[in-house]
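One chain, chain A, appears in both complexes that follow, with chain B as partner in the first and chain C in the second.
Showing the complex of A and B:
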């Protein structure tokens, strides 16, 4: 089976150590850096030499490389963002992911022609805001995760921006300027920067979220593999497999499964259903439960197990 | 000479609260438009109530701001613009919006209406503030994470009016960057002239499920820690008030449209008195005395508050 080159699978890698340990063969694009905390161990956003090495490694592997940026910078932190982006540009990144509109304004002014991606914390809820960002150098948009697919479709139809969809992995649910886990250093005996490398889960009855200190992500994995043919049919071509805080095994397994699934969905859609149980089983082995996020207008933690997708026909 | 202070902006979740805020000395009052604001449906006003309160406020020389700070669905945008046009005809003094693109559209469609970028826009820095100003926002509400020194930088680098919360709630996640509530629960309901309001999403409906108020259990694999309350603190800005004023904060906003009228009145009176007693030349020691007085008065009038900033 030849690999379908028109469909992009991407993921995020926080630091050089993780990058060197990861099998990224099934990915096309990698986002570098942890956008929610500058103190994240070895974060590409603050380790310039590591960033240069990472770009070089990924270039040799034929990957596209995007550099992420800090999600919630104060005015006094904009210089650090500027410096990190300058380093990334010099190293040859293909673009920069922003999560803050002000950063888009600054980069569009200071790095003319730089291709920007509006990430999940950039709060793109409407085609109107997407248009504003486009005027500031944004070429690709990750719609806010709260949006259902019918509204994302409107965004797609009313804009010529590339739309990136999260199709698998933990859903970012919020970000803060202060670290929740820092208050538990004494109780747990674990200290920063090791705290957010652990698996701290917030549980209430059957609700579960994961605290990464300054960010909160879903307890379950978004899983859209059953709906891949419909997403492809609707014209989506850029898919995020969120792996920022995941194990090497998780990152590799999920990408292999989705790559196979895309190739089948594009090459021989009629056979997709035959393979689906195998895909789900392999994904389940590295997962702690599935959900569909907000795509079907339901609370994000719900999972429409194998039901027919109500996505529109091919566009 | 009297200190030409900033605007004291009070919340109101009912007609009675509008009157209480006005009588207590608020310069301006903000209320939520039924169906369209970040706030509980029970704390929003109908258009009939808004019209009546607007007349009352204007007759006493006060201003009225309307919160329409939820993000509309694509098929609701026209309705939102129509409502802003109507409020402009009525002479409403400002509308709070939550989506940068909608701010740009509303500014083009109703240029005479002063627009305010909601705290939900999570304005963190001078570039954010400048962009929102370019799109048409006259005022930006800053996140509570933006301290006085940062406010001064924003004021130095932009010409936008800056609004800060002097009473509010610090939550686990920044306002405008949180969708934990709708991850857990979402219900569609009809409110005012808005159908299918997605309750559960702070950004889209204004009403989140307030899950950060609930006790959570923190676990790391098999190790279970005690109940882990997420940060949720009511704060009053007292100590740092002069710093914010010196930094150029032009609007002091009291958060809390859910507050009953007597609590609104207490809070407005406290800050009115603080502002009336403030002089730019006031030294640190004198201000500490004022703060001590304010804390005592707050404790006597209202009760506890988790944090005095």
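Showing the complex of A and C:
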């Protein structure tokens, strides 16, 4: 089956070790680096030689490459951001993901013409915010994950920016200046930077989330596979399969399923429903539960399962 | 001399804050500020609050620090036009696009970039200054050096001196709406949010629950908590004054009027005492006086947290935390 080249599947890879172990065949674009914590094991944001190698590897595979940036930089950390971006630009990245307005301002000034992506922590809630960021070189926006689809539709209609949607994977639920897990080094006998590799789940009754140290993400996976034909019909073409803290198997399986689903949805939408149970089954094997985030105006952890559905119309 | 900024959760509280010595009071219009409706104001109350504040020689600032929908921006601008016409002295805002739009529409209005913007570095400050914000609210997690750098750069700077800190950066947390979230849309198109503090509704304080933490190695650590600290900056106030900080802010629209009145009077006395004789000022007596305020404040906050858990369980007719009553009891301790 021929891949539909107009639809982008992307993911995030934190370090060289993960990159080398991952099967990225079904992805078009890779974001490099863990934006939550500069101490993350082998983080591309602090390992320049690894970053150069990664760009080269991905280039050979024909991928587009974006470099992420630290989401919560203090003034004293801006130089590190600048250095990492300079390295990425020299290595030939296609763009840089920003989560902080100050970083956007700095990069627009110091790296003229650099394409920026406003990531999920940039808090893009309105089309007017997207327009302001466009003036700073932003070409792609990840709407804040708290936005329902009717609001994202407005963003899409009122802007010529690319809109990237998280369609599968953990949803960011918060970021802090301090690492939650560091307080448990003695109790667990595991130390930084190995601690956040342990997938520590915080559970209370039927709710769970995962502590990645400075960040908290959902315990369940956002899963929008049932709604893929509708998303494509609404004009969305850039889809994130969040794999930053996931296993190699997860990253590969999720991408293969979504790639097949896109090809079917674009090529023969009438048959999509026939394949859906298989898609869901395969995704379920690598997942710990599904949710739809905030896309349908419900609490982020809810899952509106079932068949392909109509999406809310733009208001 | 920095201004002392106090909370106005009701007209009565505005009067109390004025009487207790604040230089400025902030209030929130219903649906547009980071507090639940009980502590926000109708237009009538806003108008009365402006009159009360100005009659007492105190400035009044409107909190418009939620993340609105794109389609609500015209509503926000119309509301702002009303309040500017009635005489507000400034606005506290978060959304980047709205800050720019409001600055363009009302160039004389003083705009404060809210703590919800999570402005963490000098470039961040310049970004918001370029948009039209004349004062930047410092996140409570910032170091004195970071705040000093802002003053050295000539930026209008506001610091919180009496608040509560969450585990996450305020404005970068979605835990509450992930668990419970509901919306209603009014006839004028304004959407009201239950469960999303970023968008104007109450925060369910989900993070304050006890959690069982389990790693992939099977190790379980029971009853872990996320950090949530009081943030009282009595000892730091002299250094803030020395740095030239422009505003010292007291949070607390949700507390009772007598308590807020006592808190504002406490900080007024403290600042005045320091200004009168900096060399003689010592924190110890103030810490003792604060202890009583802290006890009252903790009792009220714990009660409110317990109520939130109970209310949340009923509001959705789905007791996610089935032991809400148990949590309530715990919070009473």
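Please note the rule applied: the second predicted complex is superposed on the first by the 308 of 315 C-alpha atoms of A that agree within 3 Å, B and C clash if a C-alpha of one lies under 4 Å from a C-alpha of the other, contacts with A are read in each partner's own complex, and residues count from 1 in each chain.
The rule is simple: contacts are C-beta pairs under 8 Å (C-beta built on N, C-alpha and C of every residue); 3 or more make two chains touch, one makes a residue touch a chain.
Everything numeric here is computed off the predicted structure, so don't read it as measured data.
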**Prompt:** Following superposition onto chain A, is the placement of chain B relative to chain C best described as a clash or a fit?
**Reply:** clash
**Message:** Quick one: is A:300 in contact with chain B, with chain C, with both, or with neither? Answer first, second, both or neither.
**Reply:** both
**Prompt:** After superposition on the shared chain, which partner residues are touched by A:166: those of chain B (first), chain C (second), both, or neither?
**Reply:** neither
**Partner chain(s) touched by A:132 [first = chain B, second = chain C, both, neither]** = both
**Request:** Go through the superposed model and pick first if A:146 touches only chain B, second if only chain C, both, or neither.
**Result:** both
**Request:** Scan A:218 for contacts with chain B and chain C and give back first, second, both or neither.
**Result:** both
**Item:** Footprint overlap on chain A, comparing chain B with chain C
**Value:** 72-75, 77-78, 100-106, 121, 123, 125-132, 144-146, 151, 154, 158, 171, 173-178, 180, 184, 187-188, 190, 198-204, 207, 209, 211, 216, 218, 294, 297-301
**Item:** Residue ranges of chain B in contact with chain A within the complex
**Value:** 71-74, 77, 99-102, 104-105, 121-132, 135, 143, 145-146, 149-150, 153-154, 157, 172-174, 176-180, 182-186, 200-201, 203-204, 211, 214-221, 223, 225-226, 228, 230-231
**Request:** Can you check the complex and tell me which residues of chain C touch chain A?
**Result:** 67-71, 73, 95-98, 100-101, 117-128, 130-131, 141-143, 146, 149, 167-169, 171-175, 177-183, 195-196, 198-199, 206-207, 209-217, 219, 221, 224, 226-227, 320-322
**Prompt:** In the complex of these two chains, what residues of chain A are touching chain B?
**Reply:** 71-78, 100-106, 121, 123, 125-132, 136, 144-146, 151, 154, 158, 171, 173-178, 180, 184, 187-188, 190, 198-204, 207, 209, 211, 216, 218, 294, 297-301
**Prompt:** In the complex formed with chain C, which residues of chain A make contact?
**Reply:** 72-75, 77-78, 100-106, 121, 123, 125-133, 144-146, 151, 154-155, 158, 171-178, 180, 184, 187-188, 190, 198-207, 209, 211, 216, 218, 294, 297-301, 315
